[in-house]
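Presented below are the structures under discussion, each in the form of structure tokens.
Each of the next two complexes has chain A plus one more chain, namely chain B in the first and chain C in the second.
After this line comes the complex of A and B, so read on.
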């Protein structure tokens, strides 16, 4: 008997398998793409080995591991032979405490800063960025697109583009990418804005209209971006886009309206960091209604309305949404979710598909967390260690 | 209270100047005793300040000068000695009279120097370490990597003009004579935003704006708050230091505190914070040294070398705590040097605590003289 679990987030992408044979079991674990290491343990009886195995599996599931669901995802990291990215690999930042650092993995692959001096590594995702002293982003990106490796690359990460000038937008970066689009025929995943708060506050990052990227890269499956100022999707359509993730400290209502008027017929994953009005959020719950009505994205499996000051209101409305009958994951994490929202979530109707409720970073009392955990779902209601339960100033995870 | 140990015949008499109730003094005394030496006598700052002749009667062969901090009576006496006004008592935790405090402390250091007893760390060195602009200049003269710095204008209106002229920027504003992050502000701005992050809160009392040290780091975004804070702090003198983005790891940005003893980088700790101030008393945590070593590889040793070179700029001091900044490209810079940067409880290097290592080095060096 064998069970294969995997875990992916912004920090790591790892596998864990356990195989039972008589009165022993063998655990193999490691980074996805490596062989990992194995450990075999023997027990007094087959029953004892089985019991220990079940216990270990439960522990891993509690930590956010999921079943690998076929070996494709594990072996390739980026899905099977058709090049499709597994759903799990769309998720990036799961924990509040991971927001402050650059990502370590993207679509399940290790992220490395591009160094034109070093030999090409096929199994990593390159990040391009400038820092306070060196404006290396554009020259490095241009250099990379001229190499043979560009033709095989499936994912790119763009870090801080502003160097020493926080007012700069990523437009020059987009120009380089679009000029090189024929040299990047397999590009399937882009992150525009892997920027830490030490580099620039999320709500100060100057973004731009990202929809030209959608037009330039027809094979794009995932578009992730950070920063709300100037963010736009003026022409929101793409035949193959499966995942859209926009991280802001305050989302402008025009972005939400663009999404509500979009044509993303294959969208399976929608993650919006809505933020707070102090940092530019000017939307109301009604602006989210077209998304929650379920008419927009027939294939949606993951909905994340995260980092929102409206988390309670969203919870109140989402339980009545037809989406509940097709979503696998509902994510209201990083926001100001209190007992009021928790009570609403307790009324979630039975769903044939819904498996996971992510409420990490919340203001819910222990009693209601206990009740939520009794739902027939995997519920993550964890809180960062330093979060005060009766904090007077309740605030989203990322404003500034 | 006068504490003078009878000198034992075969042992040099070691003396401390400090606040005897403070764990810095007590832990150091214990460390010396544990090495088999007599417990060093301690001359209390309170006594020294109340009766200057107490120093003349302090009959020891060499002296370790410790921090005068964490004692309100001593702080008040130092401020008075530095020319501070006795009529306006400081509220608990209030940031104020830093210049007078520093002047008073320097005066005490001069008095100790005049006494002529050899000191583990020379009073002149300690005085410079407590002046951020002098420190910066000394580092620049010795070609030690430092973030670009200049003296901040004494007037907020002038600073605001600079901010407008530069359009956007990010600087640390640090009181010239502060310690423990007190009054340190991380300021960044664009034409559309301003943000000041500091471990302090604003308190209005009888029409007076007070700045109170806070263990909680706060973020101010309202221009009026930022103005109120800087109008209080700038006139006392601040250094304006380029804010280099620090290397960020899981759970926050990091820097290093490296204790250099007798030229050798010894005890070190990764300080980690979700805020620009990594001082450990601000609820920040010690980061994972193994993780950092893994990320930095050989560049970590370069950081230690830099710490040693920074400490070597103070050739009359046996030890110093050096703060090293690492940027996201793993370049290292000296943040600060701390005369009393040796309070590193529970940190063990080569089986010795920081105090034990310093105590041993004191005796080793003393024997060489």
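After this line comes the complex of A and C, so read on.
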């Protein structure tokens, strides 16, 4: 008997398999793409080995691993033969503590800063960025698009673009990408804004209208962006887009409206960091109604309404949403979710599809967490070790 | 005719524009100064707050939000009105909602004339906010599962129909509701925004002044005192007597109780001259005499001008 699990987030992309044989089991684990290492353990009886195996599997599932053969992870080898990105690889920032670091992996592949001096490495995702001393993002990106490697590249990460000019938007970056669109025929995933708070606070990042990218790259499957100021999707249409992730400290209602008026018929994954009014969030729960009504995205499997001040209110409405009968993952993590929202989530109706509830970083009491964990779902109600528990001051993950 | 939000707003505001008009986005008609909108209007969202609209066209089509807050002369809405959310805050002239209304979120806060529900409609999944809808005497039976139900200040409301349930909370502050239907048993309760439990809501006779005085949270303490009744609280808390005199109905007392981290509770204890019932009316804490208190209650800023011929 064998079980194969995989895990992907902003830092790593790992596999873990366990194989039971008589009264022993063998665990093999490592980075996806490597052989990993194996460890065999023997037990007094086959029953004991089996019991230990079940325990280990439950632990791994609790940590966010999924079955390699499951629908979450079709072609878990990443970028399968048809070029489709596995569902699991759309997610990036899973933990609060990931927010403070540049991503180590993107769509399950290792991220490397591009260096025009070095030979091209296959199977990595290049990141392009500037800092206040070296304004090299644009020259490096232009250089890369002239190389032969551009034709094979499936994903790009754009880091800090502002150099020594904090007012700068990524518009010049978008221009370079769009001018090079014919040399990037396989581009399927883009992250515009792998920027840590040390480089630029999320609420200070100057974003721009990203919809020209949608028009320029018809094969795009994933668009991830960070920063809410100036963010827009003026023409929200794309035939093939499967995942949209917008990370903001405070989302303007006009962005939500654009998403609600969009045409993304193949969208499976929608992750919105809604934020707080202190950082520009000016929406109310009613603005999310078109999303929650279920009429927008017929293929939606993952809905993340994260980093939200309204997490309790969202929980109260989402349990009544027809989407619950279609989603596989509901993610209300990184927000101000308290016992009130937890009580609402306890009323989640039975769903043939829902498997995961991500509530990482929350203000829920131990008693309610215990009750949530009794739901027939994988529930992540973990909290960062250094989370402040104060009844009066409750913050979203990005907003302190 | 497809128009940008800006162009549509300008065209409709200048008048003479006739439908069909389709607007991709938010149509801003706030403070619109005409009584009606063009027919065959379809927009994603409509914001016509503080406008002079008296009604909406029967074929109006809205996908997302409909905002009609502070439309003081709005008197009717079209049959079958449907939108993701509908906000009608402080529409003081609106007496009825239309038949077959359909929405997820309905905000009627401050609709003080509203009294008539349609025979059928759909309000579900989101919130129904009826704060200070002082005219409503009942809720319709067709409301199902909501996220939030705010009935605070619905002073004529005494009952909630059986099939209503909430996934979030229920606010019953200041209503006459004395028990919950089965679908709402165990629902988180609020009293004008303050979280309370069923004992505070439905068994105020079990509350004591000791419990109220021990409550650290000032908002919650105020609710406890309100639920107990000021008079019983003042009696149990052994209030200081600041002043004493007599009116037609008998002895009057000005009572004061100190509260932690809050202004003292000062009130005039008196009897109703008609019914003989004793009650306590709260007055500003700086009040010194029963006469000052009675004058303040009657609306006089200057107590020396208050000389009632008769109090009833």
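Here is the rule we go by: the second predicted complex is superposed on the first by the 388 of 400 C-alpha atoms of A that agree within 3 Å, B and C clash if a C-alpha of one lies under 4 Å from a C-alpha of the other, contacts with A are read in each partner's own complex, and residues count from 1 in each chain.
We adopt the following convention: a residue touches a chain if its C-beta (ideal position, glycine included) is under 8 Å from a C-beta of that chain, and two chains touch if they have at least 3 such contacts.
Remember, it's a predicted structure, so these values are computed and weren't measured experimentally.
> For the three-chain model obtained by superposing on chain A, do chain B and chain C clash or fit?
Superposition result for chain B and chain C: fit.
> For A:343, select first, second, both or neither according to whether it touches chain B, chain C, the two together, or no partner.
In the superposed model, A:343 contacts chain C only, not chain B.
> Regarding the shared-chain residue A:11, is it in contact with chain B (first), chain C (second), both, or neither?
A:11: touches chain B, not chain C.
> In the combined three-chain arrangement, what's the angle at chain A toward chain B and chain C (CA centres, steps of 10°)?
Taking chain A as the apex, chain B and chain C sit 90 degrees apart.
> A:257 in the overlay: touching chain B, chain C, both, or neither? Say first, second, both or neither.
Touch partner of A:257: chain C, not chain B.
> For A:316, select first, second, both or neither according to whether it touches chain B, chain C, the two together, or no partner.
Only chain C is touched by A:316; chain B is not.
> Where does A:287 make contact in the superposed view: on chain B (first), on chain C (second), on both, or on neither?
Second partner only, chain C.
> Nearest approach of chain B to chain C by C-alpha atoms in the superposition, in Å, rounded to an integer.
20
> Using the superposition described at the top, list the residues of chain A that contact chain B and also contact chain C.
Shared contact residues on chain A (touching chain B in one complex, chain C in the other): none at all.
> Which residues of chain A touch chain C in the complex?
Touch list, chain A to chain C: 257, 260-261, 285-287, 289-290, 292-293, 312-313, 315-317, 319-321, 340, 343-344, 347.
> Given the complex with chain A, which residues does chain C contribute to the contact?
Chain C reaches chain A through residues 24-26, 44-45, 63-65, 84-85, 87, 104-105, 124-127, 145-148, 166-169, 188.
> Considering the complex alone, what residue numbers of chain B touch chain A?
Residues of chain B touching chain A: 167-168, 170, 188, 190-193, 195, 219, 221, 244-246, 248-253, 274, 276, 283, 327-329, 331.
> Considering the complex alone, what residue numbers of chain A touch chain B?
The contact residues of chain A facing chain B are 11, 97-98, 100-102, 131-134, 165-167, 196, 198-199, 201, 203-204, 229, 278, 386, 400.
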